[in-house]
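Some notes on the structure that comes next.
Read from first to last, the chains carry the letters A, B, C and D; within each, the first residue is number 1.
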Amino acid sequence: MTVKVAVAGASGYAGGEALRLLLAHPEVEIGAVTAASSAGTPLGQHQPHLVPLAGRNLQETSAETLGGHDVVFLALPHGHSAEIAAQLGPDVLVVDLGADHRLASAADWQRWYGGDHAGTWPYGLPELPGAREKLAGTKRIAVPGCFPTGGTLALAPALAAGLVRPEVTITAVTGTSGAGKSLKPHLLGSEVMGSASAYGVGGAHRHTPEFAQNLTAVAGVPVTVSFTPVLAPMPRGILTTASAPLAGETDTAAARAVYEKAYQAEPFVQVLPEGSWPVTSATLGSNNVQLQVAVDVDAGRLVVVAAIDNLTKGTAGGAIQSMNIALGLPETTGLPTVGVAP
Amino acid sequence: MTVKVAVAGASGYAGGEALRLLLAHPEVEIGAVTAASSAGTPLGQHQPHLVPLAGRNLQETSAETLGGHDVVFLALPHGHSAEIAAQLGPDVLVVDLGADHRLASAADWQRWYGGDHAGTWPYGLPELPGAREKLAGTKRIAVPGCFPTGGTLALAPALAAGLVRPEVTITAVTGTSGAGKSLKPHLLGSEVMGSASAYGVGGAHRHTPEFAQNLTAVAGVPVTVSFTPVLAPMPRGILTTASAPLAGETDTAAARAVYEKAYQAEPFVQVLPEGSWPVTSATLGSNNVQLQVAVDVDAGRLVVVAAIDNLTKGTAGGAIQSMNIALGLPETTGLPTVGVAP
Amino acid sequence: MTVKVAVAGASGYAGGEALRLLLAHPEVEIGAVTAASSAGTPLGQHQPHLVPLAGRNLQETSAETLGGHDVVFLALPHGHSAEIAAQLGPDVLVVDLGADHRLASAADWQRWYGGDHAGTWPYGLPELPGAREKLAGTKRIAVPGCFPTGGTLALAPALAAGLVRPEVTITAVTGTSGAGKSLKPHLLGSEVMGSASAYGVGGAHRHTPEFAQNLTAVAGVPVTVSFTPVLAPMPRGILTTASAPLAGETDTAAARAVYEKAYQAEPFVQVLPEGSWPVTSATLGSNNVQLQVAVDVDAGRLVVVAAIDNLTKGTAGGAIQSMNIALGLPETTGLPTVGVAP
Amino acid sequence: MTVKVAVAGASGYAGGEALRLLLAHPEVEIGAVTAASSAGTPLGQHQPHLVPLAGRNLQETSAETLGGHDVVFLALPHGHSAEIAAQLGPDVLVVDLGADHRLASAADWQRWYGGDHAGTWPYGLPELPGAREKLAGTKRIAVPGCFPTGGTLALAPALAAGLVRPEVTITAVTGTSGAGKSLKPHLLGSEVMGSASAYGVGGAHRHTPEFAQNLTAVAGVPVTVSFTPVLAPMPRGILTTASAPLAGETDTAAARAVYEKAYQAEPFVQVLPEGSWPVTSATLGSNNVQLQVAVDVDAGRLVVVAAIDNLTKGTAGGAIQSMNIALGLPETTGLPTVGVAP
């Protein structure tokens, strides 16, 4: 099988990462690469690491340029992907790396993003219970946010097993590429190097309702989420530290057993050996999630730490994993399980 | 007044920072600078930024070399400072930057550090209620750990005011100098650059009982502390994110008012204007603490973010602030309130 | 003496550094702080490290707001400073941190910057022969570019002593703040972290004629300069590596002697002990220049390495050093000789 | 064809990178992985990014453990590889990533490394004239040093074409992994982050004779090399800036043409489009070399800038490229041409 794939938003970080991975995918042929203000310039000017595509010209993002492909990746600002997606035929597999089709609740959409809710698509986090069934054969995929990818996988087994009470706190340390290639002063190298900062504190980050939606579905009861993102001086990677009060007596060994069982068949999730803690660089460029778990008896809490690459498993890798399922390909096709370190 | 100050452990990061600040202190004359394995070599070889002291030779750390000074700073591994301190006369002001004299409970000391408990000295966090009284005129100061400095100041006002329940979670993102100049593989530049990692998770970090001791004293009831340190790719800085369940209904404005009142007279603590969030680089090299507060209504939690320089306010700057109080000098003497940024 | 100083361009990196240093200057009172698009906003929003000035409001940059001061620092884009300076009275000491008044040759100005040449002011590199005489009592100072500061001091003694032929190559590795707070994609943290890149290669960088002007004056014969700047992932610092063919037989000891003699009376220049090589972090935040010299017998070249902080000695610190001379103050007043490391 | 490959020194950076690439090589089966002090521990403890090999135990490095493989990679300190290689049979393809077999001159070996010269093996830089012939079918490969890889490819076309005089200067900015996983104070994260430094200045770096050997062979006349390495705060990457005096009149277009012709058939070398300059992050994790060229008319010099990943093309990728040639496989087998950015 060869599927022809277009990537919209190819000059940005998410689009670039999609292309990097698609270049290594044995069943994919890369078709149109499109952009907004950079249309008309060669891709190599924006993504000099994508050597085999350096000479490709960026086209305008439109239903015309994206038409005629089997799969279309949309790496666009929220609002834009819904607009474009609505113009693409029902037989095209549309993979939305943006936020437009993640939330089930129109009220949540309204509160956090504003404007009309574009509807809800099958959610591209295959490791969640029931997700693979919804993704198989689908023509529309909502790729999760990078923070909810790490945080949901960190907490889902504990909530599903009733190990913890449904009141979770998450602090996630992220590399700067999560903010995109936006020309904002606080994202300048001079500002981020040598510095850590928090933002979207106190429930203000738009990934909060997505966390709650995922974790509530897993727990079967409403889960409250206190989420704090921290910007750290690194281009890639998310280190999620999550905790919740224990529901009853337990210890680290028992908690580890729950996680090992939950993820034993997962090709991209590694519960690390006892005594090893996740390091984001070990996942760099790979589709892996590395996890470790501890019970803090004194504090009465379960603590979970998870490392991912925000652009790979957290965005474009997760997207291709879901695409593989939708197309009936082996789920791991073309996806790296080896990181680039140091 | 000119006080003669010796610094033991002058080749390390804490000792170097003490010297950097003491060089700018108008009432201080720097006496002996001592080290262990580096004794006999010039200080400039280890601390090339301390230009006025570059030619000074490091002496052995001993009661002899440290004798004859008005003040002795001990920047030594735990255990060593208690041993040396025991040999210094009662008229010498001994400022211990290590852990030996921080914990009040011998059982805690035994559990977290092992060996004999050396006793408890006045605790060098002047912003805590009652601390200045204990520090005035003292001849022995236990300088707080870098994490407890940020986390205690982040949570104390809320616990003292009864805003939150005594169950706190703290995730603190630290620069690598907090781990000292230790030759460990995970501290190599190749390992830490581009990467974040957690350690001492699940209540395993030795600063946990110090947090609990401080916060319990402030709250008046036992406080449980879930503490997770994260190593980030930067030399200096700690960004503390702390949260706790609200004790009753409140909002961000009310919480901010509590913090502004608590810190209005503090020369080194800034509650930032609404909408501004702390950035560690803004505190670099200064003795400042920058704070911001939010109430997360959905999650029912208060969230506090604090930025410090782990080596300045978190170690050597806090030490000098306490020394000033002990000596009867104006508390801010010689301490920078301006950071070095970008 | 108290001089009232205004800073134009106070929201940028050069202006911020000037304010950081001026805050510690015992003879200075800070007057107006001005900006362009940020006028009307508090300084603390742009420079959160300048705590004592956090509440100051940025004014518009104009002859009115800058009037009534003893000294005016201009940290403005080239062209703008000449325009503003022309409106300031002859009794005001104007310190131009920009390029407008550095070049002596109108043809050079035309070629490298374009537009009218605004004239040539006394050049603020006091360590150059004859510079202090021109700066004493002057009311106009052209602050050198950051690259020419490091490179000129690295090569001047060798050229003055005839150690080398007048054909020099300079590669200077710079932190990102040298490029200012410009919103350009290649200056984003995601782009610069983990990466080195060259720019302005092949004689295309505007500092090239300034190098040639300085070195030709010192050598007494025309000096050709091959200059390559490299952007490295750090906020501050310039490491200059410079070399030139030996004019005759010599060795490292003889070359070191030339440098030690040239700089022995300089308060801010340190020729490091044999075997030590400059590290930019050792100069961070200080007005120091750290130098080392070697003769490569096989290649027949003298190699010099110099470290500075591009914002301090390379911009605002050098500016204040020259201001001190112009005002008749001790040259080192208010300027740090101790770096902030690690 | 499936070749069984052992890697000695598998706990270090060069060995880890070899394993990362070999895992993706379709004709390779990974056999023994060996180490010195880490023997007996699981590989995952040292290389957590090599997920498929995480459970493999490190064996002792010896002729026994390395026996029975088709190919043996030696990533060992100099001296050790010669010692082990001498014990491996003549039918085993031995790929030495260390220095032992690079230099042709025993006198050079003696001067720069000391001890007995182990002999000279075919040099693994296929892009050099005549190199592929010597590598085809060989059983012994000397992999080039990381600096000579970038610098030789940067200068060879110009020297071969007689564009420049044989007196070159090279300043190469390197990431820290080039120094290996050595526990030295100056390689600690706290020291390298935010800082640039030079080392091995004045012809003191051991790669200097290797440069001279390569470039002299290409030029046909003795080439003098002034080489200055600079350590920059990034884990990977080398940005080489090289220059030499022009031999006659030329311009940038003509020089570019020489380079484009020299490298037009090379699968891993890209002469960038005019106006684009190399950025190391674009080559991260790939076997690519990205180059740009300029003629500086004023200075009368050709300037070349080259970016590589020091661990990939600079070490393990170059090694596998040469292995492919030696084994008669297509040269590009298993080697990435797409970098991981940002």
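Throughout what follows, contacts are C-beta pairs under 8 Å (C-beta built on N, C-alpha and C of every residue); 3 or more make two chains touch, one makes a residue touch a chain.
The structure displayed is predicted, hence computed values, not measured ones.
The most distant chain from chain D, with centres taken as the mean of CA atoms, is B. Because chain A and chain C carry the same sequence, their contact can be compared by residue number, and over half of the numbers here are used by both. If you average the CA atoms of chain A and of chain D, the two centres end up 35 Å from each other. The distance from the centre of chain A to the centre of chain C, with each centre set as the mean of the Cα atoms, comes to 44 Å.
Counting partner chains per residue, chain D shows two or more touched chains at residues 13, 175, 177, 190-191, 193-194, 233-236, 279, 281-282, 284, 342. Of all residues in chain B, only 13, 16, 20, 23-24, 42, 44-45, 47-52, 54, 177, 193-194, 235-236, 270, 272-273, 276, 279, 281-286, 288, 290, 337-342 touch chain C in the complex they form. By the touch criterion given at the top, residues 13, 175-177, 179, 181, 183-185, 187-194, 233-235 of chain B touch chain D in their complex. Contacts from chain A toward chain B in the complex involve residues 167, 169, 171, 173, 175, 190-191, 193-199, 201-204, 208, 224-228, 230, 232-237, 239, 241, 243, 245, 252, 277-282, 284, 292, 294-301, 303, 305, 307, 341-342.
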